[in-house]
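Here come two complexes built around chain A, the first alongside chain B, the second alongside chain C.
Presenting the complex of A and B:
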């Protein structure tokens, strides 16, 4: 544990050192963070206004609130890019990482945590700007905001571990883009990314409930917006934890067989 | 004897299956349905041992199986057959205690972060390998001095030249003071000065730590400077394993007599094959058994300024071995 703690701290520092030297990049990332939610916001605000003020339980300014909160959660749930792992496996760059006495997952996770610090800096002005521009309406509920914190952490780890596990399919086929795209397509619609899940048809909501995607975005969002009962919040945190444990088990299993295959066919 | 060897390899083999098809669209289409697969034996039942503190050259042409072997020894590749033990561990299990004690340096593989100074990556390695601070400082200072890294480790890695990058890479790979070093072409693409610097460093590291080193190189200067013993591999099989000096004895049936005569009026072909004749110097290729007789003949019949008997250049001997045509 002590070794792991030191590895996390060291890689975290390394990442910050690597990224704080790019001031321009920080400016650009503020812009990048804003583009996507602003588009959804404008669309849904217009739809709500055209429908006489509200759609699927959200008014125009509540949609604005949804997507401002979305901007925060989205930044925190960014996981390990599966294309990065595919590249490592295909080019053999994974080899030196396998020779280190610490699993690459830990170093990659520490890198992501460093990224969160950098993007948090960009996030603060972004949120201020979006709030001034769109006048969001959020009904904060104190206990719900407290529950939001662990849900955000679980959301990050769940999505990160899932993406990491999926990226390891590159051990079997070095052209995995198609598979990743299916994953992201499902996630796009069923995680709350383009709209609150309540705007989806009944069957799609049931599908979303059976899949892990909403637990790394929609659930924490509902907590920020104060839309859940304490029982629902508790059940949600439990579901997040169950999905996380299942994803970790899947990651370990795929890793074990994947590395074996990597070592069989050559690195 | 068993317990004394650091690396034990017995009947080690590695085969790959590779897809094979003709070029062209139709063949590509056909390969969707049916694929021809061909087995390639990269390493074919090789056995050897390395003893503590040895520096051994692992030689062979491209594709001979050197890198595959090094990858099996370091735990990156699983053998198809045979056994490997490195410091008593099965490399493939990649246990922490094993990985802590070895290193694999591959000529062009980069393990350092590109955009930051090497010293930051070194600190990450310190954490990964759990190197105590005093040992880390001491080792780093030592490497900085031996490899002349002082200014290099504080510059972003991307700003370094190829040779400079290799130096900081090697330092990174050895910071945890591994006992067993697998070096795959550590001097590839470097200029003579840089090659020499790295060579001296490896020798010094070996002297100070008593580490065991297995290294591949295309530069015979590396091998001659560092390795008393060489293992030669070709088409996945070991052709020779022994002292470098024995290699010359065993595979070269000839020596070269070089002489500088006072006058140049004699036909030297009766003494042996004339392989060179420039600037009044004559080089004769003579079967080893005849060397002393021919030398005394020449000295009796010709007045010479100078006469030497030389072994053929090591490159030539090795080339001959690999050509399957030992002299």
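Presenting the complex of A and C:
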């Protein structure tokens, strides 16, 4: 456990130092992250206004609030890049990593956490700007905001572990791209990314409830917006934990069988 | 004439090159169809709640989606790959190889790299536009087609000039990739008519980044919305932008010192 902690700290620090060198680039990529929520915010504000002020339980300014909070949660739930593992396996870069005494997963996770620190600093001016431009309306509920913190952490780990596990299928096929594109397409609609889930037709809402996507975006969002009862919040955190455990189990299983198939190219 | 022949040679070369990797065509088809489906499902979701968006009917927005896919295809087949290569060449000094050739350097770099499979989007976009116009039941005659083509060409030239200008700044600032990605994501804004955006953003998407001229204006030509003023403005701006970007390119080129210098 001590060793693992030191690994995380060291990796985290290196990454932080590396990234503070490229502040301008980081600022621009944050601007890029703003584009998507702003587009959909404006689309739904237009729809709400055309329908006399509200759609699916959201007024125009509540849609603005939804997508401002969206920008924050989305920034945190960005996980492991699915193409990273494919590249490593194909090129044999994975070999030296297998020789290290810690699982590559920990190193990748520490790197990502380092990135989160840098991006959350850049998020502050982004949120101020969005708030000034769109006048969002959010009814903050104190206990709900407290519950938001663990839900955000669970959201990140759930999505990260799930994507990591899926990226390991690259042990069998070096073309995981198609699978991930389908994954992202479903996620786009069923996680709350294009709109709050209440906007979806009922059959799609039922589908969303059976899948893990909403637990890494929509659920934390509902907590920020104060739209849940304490019971719903607790049940939600529990569901997040269950999905996380399932994803970790999947990761371990795929890793165990996959790594046996790995035959390094060169070295 | 010479220019056309050169373009033909480049097209043939990259076709020969890409036909080695035919499996990529299947991948590209899959990508394009999936992207289009996501776009259409998003549209369906919006019209599940409302009959019109900022005055646009569902079939009319379908035209916008079609034009967005079509110009996006042009952008990703020729403009973006070539400009990406240009930026690499400036950074590494390999632009030398292009500059020593006895043809106009701007033309050469603008055709520097093509990803022909991406032109699947051009065909797909045309398909969507034809279907949507047929659904609208308006007679899109010779006049509308001509106006649409004019608007589309102006818009495409504007986008080209914009990207060339952006890439030319690499002569001064080498690290431009983040800026590239940012403008690529801004292009997504064109999936919706610019009329839905608040004033400041609409002006930005019209004059700073020519998304409005590339997507919304051609769509207006097919949906009975285009005013003569807008079309004239688009043509004049396209001319101006082409001249300006060429001038800027010349100035930038003078700063280039090559790999060996």
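Simple rule for what comes next: the second predicted complex is superposed on the first by the 262 of 267 C-alpha atoms of A that agree within 3 Å, B and C clash if a C-alpha of one lies under 4 Å from a C-alpha of the other, contacts with A are read in each partner's own complex, and residues count from 1 in each chain.
One rule holds in what follows: contacts are C-beta pairs under 8 Å (C-beta built on N, C-alpha and C of every residue); 3 or more make two chains touch, one makes a residue touch a chain.
Model, not experiment: these values are computed from the prediction.
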item	value
Which of chain B and chain C A:102 touches, first, second, both or neither	first
First (chain B), second (chain C), both or neither touched by A:246	neither
Touched partner set for A:51, first chain B, second chain C, both or neither	second
A:188 touches, of chain B and chain C: first, second, both or neither?	second
Partner chain in contact with A:36 - chain B first, chain C second, else both or neither	second
Contacts of A:10 with chain B and chain C, given as first, second, both or neither	first
Which superposed partner A:113 touches (first chain B, second chain C, both, neither)	neither
Touching partner for A:260 - first (chain B), second (chain C), both, neither	first
Footprint overlap on chain A, comparing chain B with chain C	none
Touch list for chain B against partner chain A, complex	16, 68, 71, 74-78, 92, 94, 96, 99-100, 102-104, 106, 109-111, 113, 115-116, 120-121, 123-124, 126-130
Complex interface listing, chain C residues touching chain A	27, 30-31, 34, 37-38, 41-42, 45-46, 48-54, 175, 177-179, 181-182, 185-186, 188-189, 191-192, 196-198, 201
Chain B-facing residues of chain A, complex	2-3, 6-7, 9-11, 13-14, 17-18, 21, 92-93, 95-102, 107, 260, 263-267
Chain C partner contacts - residues on chain A that touch it in the complex	22, 24-26, 28-29, 31-32, 35-36, 38-39, 42-43, 46-47, 50-51, 55-56, 175, 177-178, 181-182, 185, 188-189, 194-195, 199-201
